[in-house]
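Below are two complexes that have chain A in common, paired first with chain B and then with chain C.
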Partner chain A sequence: MNLGALSLENAPGFWTPVRFFLTAPVFGMLAAGLIFVDGGQLLQSRWLPGSLAVAHAFTLGYIAMAMLGALFQMLPVLMGAVFPQAARAAMIVHLLMTLGTLCLVFAFLVQRPLLFAAAVVLLAPVLILFGAGVLVAIFRTGKVSTTARAVQLAALGLIVTVMLGGYMALGHAFGTAPINNVLTNYHAAWGVIGWILILAVGVSEQVIPMFLTTPPYPGLFNKRLAYLLMLLLVAGSLLPLRGLELAAVVLAGCLMLAYAVVTLQLLGKRRRKRFDITNAYWQVGMLCLVPGAGTNVYSYFGGAMGGADLALLSGLLLLVGFAVSIINGMLYKIVPFLVWLNLRMPAVMGKLKPGTRYYTPNIHEVINVRPMQVQLMFHVAGLLLLVAAVFFQGLTVYAAATAVLVSNLLLLLNLAHAVRLYRKYSSRAIAVR
Partner chain B sequence: MKTRSLDVRGLEAPEPLERILGALESLPGDGRLEVIHWREPLLLYPILEEGGWRHKTEYNEQDRTYLISIWKDGQ
Partner chain C sequence: MAAISEFFSTQHRACDRVFEKMEEAVSRDDWPQAESLYKELSRDTLQHFSNEEEGLFPLFEETTGMQAGPTQVMRGEHVELRELLQRIGDAVQARDRDEALGTAETFFLFLQQHNVKEEQVLYPMADQVLQGVLPELSDKVPGFTPSGE
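And now, the complex of A and B:
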């Protein structure tokens, strides 16, 4: 196995995923800023231009950005799959993702056809190629684990999501396809279930027992979950039968509930009982998945709750509550690990002169616990206030936006602290070589 | 050749890697390290290869563990 991405000479292994991780909270801050400036109108309906701008700042700018970075890192580590030209590909993908997402967010805000067209050109080819690249890279490994299979399904989910989104964005650009509720619902379902949830299911199978010392997921539960979710998604999308679609929505809701309950149970059985920030974030994520899935089913059956847009509330819980929380938690494991590993490797591999003193931090001290806990508090406060802001406008909206902004700023500062540590000591190691 | 054993089962990632790298640093030139792990350490292999270590992994079906033997070239 040749893992070029882990070559130490100029440590592309560090920057390849890290540039994505540092960008995610910046888009989180952009989303918070848009909510603040808008003053809460956009939390009243998911069809408003501002709501769509914020939704895409989160889904593309934060969630997909971090997930792509993590995949560049994970494919070789967890699955033995080599992404061709990983370091260079990561740089290009990151640049196009950043520019494309900015174009799309502002296209929604100012409704300029040219911006929609630019967003499609910048985003669609790179995301579809990335999805295809993941499919091929895993296929080439020969042996495909449960996680790898789920990642493949998620890559397929990403491709379908982008194709549907790209088609609609081109419709905006050239006036050929006005906003279409049915297509938008499919786009959202493929994005949330086909891409985000299936990837989370696959990744949690490996990372929860590995990073949080829990027992493994029981029996076939998680092994079949990704397939079942994909089956429901395909059945609900391809067969235009109202009854089948209803059944798919209800069953998918039940599977999400089961996944959340089983994961929460596992997290309660950690062998190490000391506080772990990633564990706390997974718990927050799973606690949001339950009402997120429930609200989705309830709203599908026409349920109402004080005049609030329940589909928007569900999206908020699933995207910011579930996806952003678990990603935030994983960043606090992955980034310190990368710092530690890349500072440690020159010595292990005999690249330092004998007797040279070198520094590798304790992995648990790369980012201090207290600042991470403070950030978690702002994240949870932001979530609760956002949910409240869907029902009560006014000051709640400003408080929610401020908490989300501060949470993302603190995340950025915490990650930047780790990166500074890496830069400081990696340059010293090079100097003594 | 001196053989050292290291059991890293039940440790929270990335402690297994931390311990293995630590053990390798203090391993005598003609030594051999045998690691018992509950998963295949895919990240370890390229590090070993670049550092000039040889390695062999065997899977024990009965207790579902991996035994990874690590030694320096030429032995």
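And now, the complex of A and C:
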């Protein structure tokens, strides 16, 4: 147990996580822009260069970006692991992630070997090192919570995902390997299940009961879920048996379903009945996880639905529907709190002269509820339109892209509002209220 | 669960329930109810803080020799929580719904991260190191019994 980690003084500075959080919606806007420019074509197949570009704008630029930012914040505070040189490391990781993701997205679009090589150089070492760092840091703390264990497994998931992706990108760069469907599927499975889903399972165990005032998850549910998902991934990837892979796909689908249903039930039992934006986003995410898991299994068995690419639909539901939704919701919980906490730090740390008081905006003032609700509406509209566009293409695609663009722009503006308040109040001399 | 974790964590949960009811009353604009629940919340929370600051923490500091350790951090956070509690009280008094709910949310989030640290780190440690001096603790903390019952 690391007592030093108890202290908020060891929490990383304001900008350490926030730079990641502000970047995520920018990549969301980039993804929307790409969908718009590429029009109808894009949503017809997951194998089109444009689809791969959009997918990576979301997975690396939005999802991993936000998740890394959150991990920089979470590790020291909640897990008793101090991140050495967190501020400097975050700056470098953020820079490499941003540049690397841009390279990869444009590498897919213009198919230039040099861009693929640059993407690998910029992304692979930093992500693998980050994953390894998290793995080791949590090992060192000894006995750990379910959340910490899940984060550790997710770090392993991240490493495998990046290695598979990096290997394929090098194939593009040097023309040695053509697109390999089998490897791509493993890469996607490790990314979605091993990295994103397992992290969500771990984080939700702690965050949902605590911040959304629900009953706790049943007993060892999340712990078993995280281990089982990892076990299925490893077994399905390493043992070359068709039957086993089949079973792994079905079982993983069932586990996702169980996770979604249990979480929705918990959210339905919130003790605080007031509207909570984070709660709404978790509900949207879980409601997408159900059909996302379903279509994945269905398409694996060759199921069809009106000529649509069901694997692409499943990816859309799992990435934009599930992952982006819960991250968006968490950002609305984390960022206002960080603004407030960092503004109150002198008081909390006992650095004020006794009796000194100064005004700090409350959390609802940092980001108002109304603009968050408007953004949620655009997010949900974007999701529904994206799903519709997989089937209908045509004008629906443009409507979908516009809604996603507006949703991410509004998210960026809402977060920027919070950051402006932080700047305003932190630079202002302490005023007695 | 060991005696200290059990007793102090239960107080956290009890305060949470009163808080939730008070917030609910404020959202309904039921101000008389909100005021009475606020009084209950304030009394219970401050009692819990003093149980820690005058009972648990000094004993922990004495036994472990850690004066500037985790208890110091927790005391600092209590100061801020008292301030927020006061601000909620002022807002309820003034029947300022937005300020009351916004400050309540702020109080709640800060309180939850505070409670997690106590429940996951401090109380389990206290349960280990204070095993021999539990009767002393029950002298200082009303309602606490060494057997955990």
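Quick note on the criterion: the second predicted complex is superposed on the first by the 409 of 433 C-alpha atoms of A that agree within 3 Å, B and C clash if a C-alpha of one lies under 4 Å from a C-alpha of the other, contacts with A are read in each partner's own complex, and residues count from 1 in each chain.
Methods note: a contact is a pair of C-beta atoms (placed from the backbone, for glycine too) under 8 Å apart; a residue touches a chain by one contact, two chains touch by 3 or more.
Note that the coordinates shown come from a computational prediction; the quantities given were computed from them, not determined experimentally.
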| item | value |
| --- | --- |
| First, second, both or neither for A:Ser426, with chain B first and chain C second | neither |
| First (chain B), second (chain C), both or neither touched by A:Asn185 | neither |
| Which superposed partner A:Pro76 touches (first chain B, second chain C, both, neither) | first |
| Partner chain(s) touched by A:His364 [first = chain B, second = chain C, both, neither] | second |
| Which of chain B and chain C A:Phe211 touches, first, second, both or neither | both |
| Contacts of A:Arg272 with chain B and chain C, given as first, second, both or neither | both |
| Which superposed partner A:Leu341 touches (first chain B, second chain C, both, neither) | both |
| Contact residues of chain A, present in both the chain B and the chain C interface | 1, 3, 6-8, 77-78, 80, 210-211, 213, 271-272, 333, 337, 340-341, 344, 347-350, 363 |
| Residue ranges of chain A touching chain C (in the complex, touch as defined) | 1, 3, 6-8, 77-78, 80, 145, 206, 210-211, 213, 271-274, 333, 337, 340-341, 344, 347-350, 357, 362-365 |
| Chain A - residues contacting chain B, complex | 1-3, 6-8, 76-80, 210-213, 271-272, 333, 337, 340-341, 344-345, 347-350, 363 |
| Touch list for chain C against partner chain A, complex | 16-17, 20, 23-24, 27, 66, 69-70, 73, 76-77, 79-80, 83, 87, 98-99, 101-103, 105-106, 109-110, 112-113, 116-117, 120-122, 125 |
| Touch list for chain B against partner chain A, complex | 10-14, 17-18, 21, 24-25, 39, 42-43, 45-47, 50-52 |
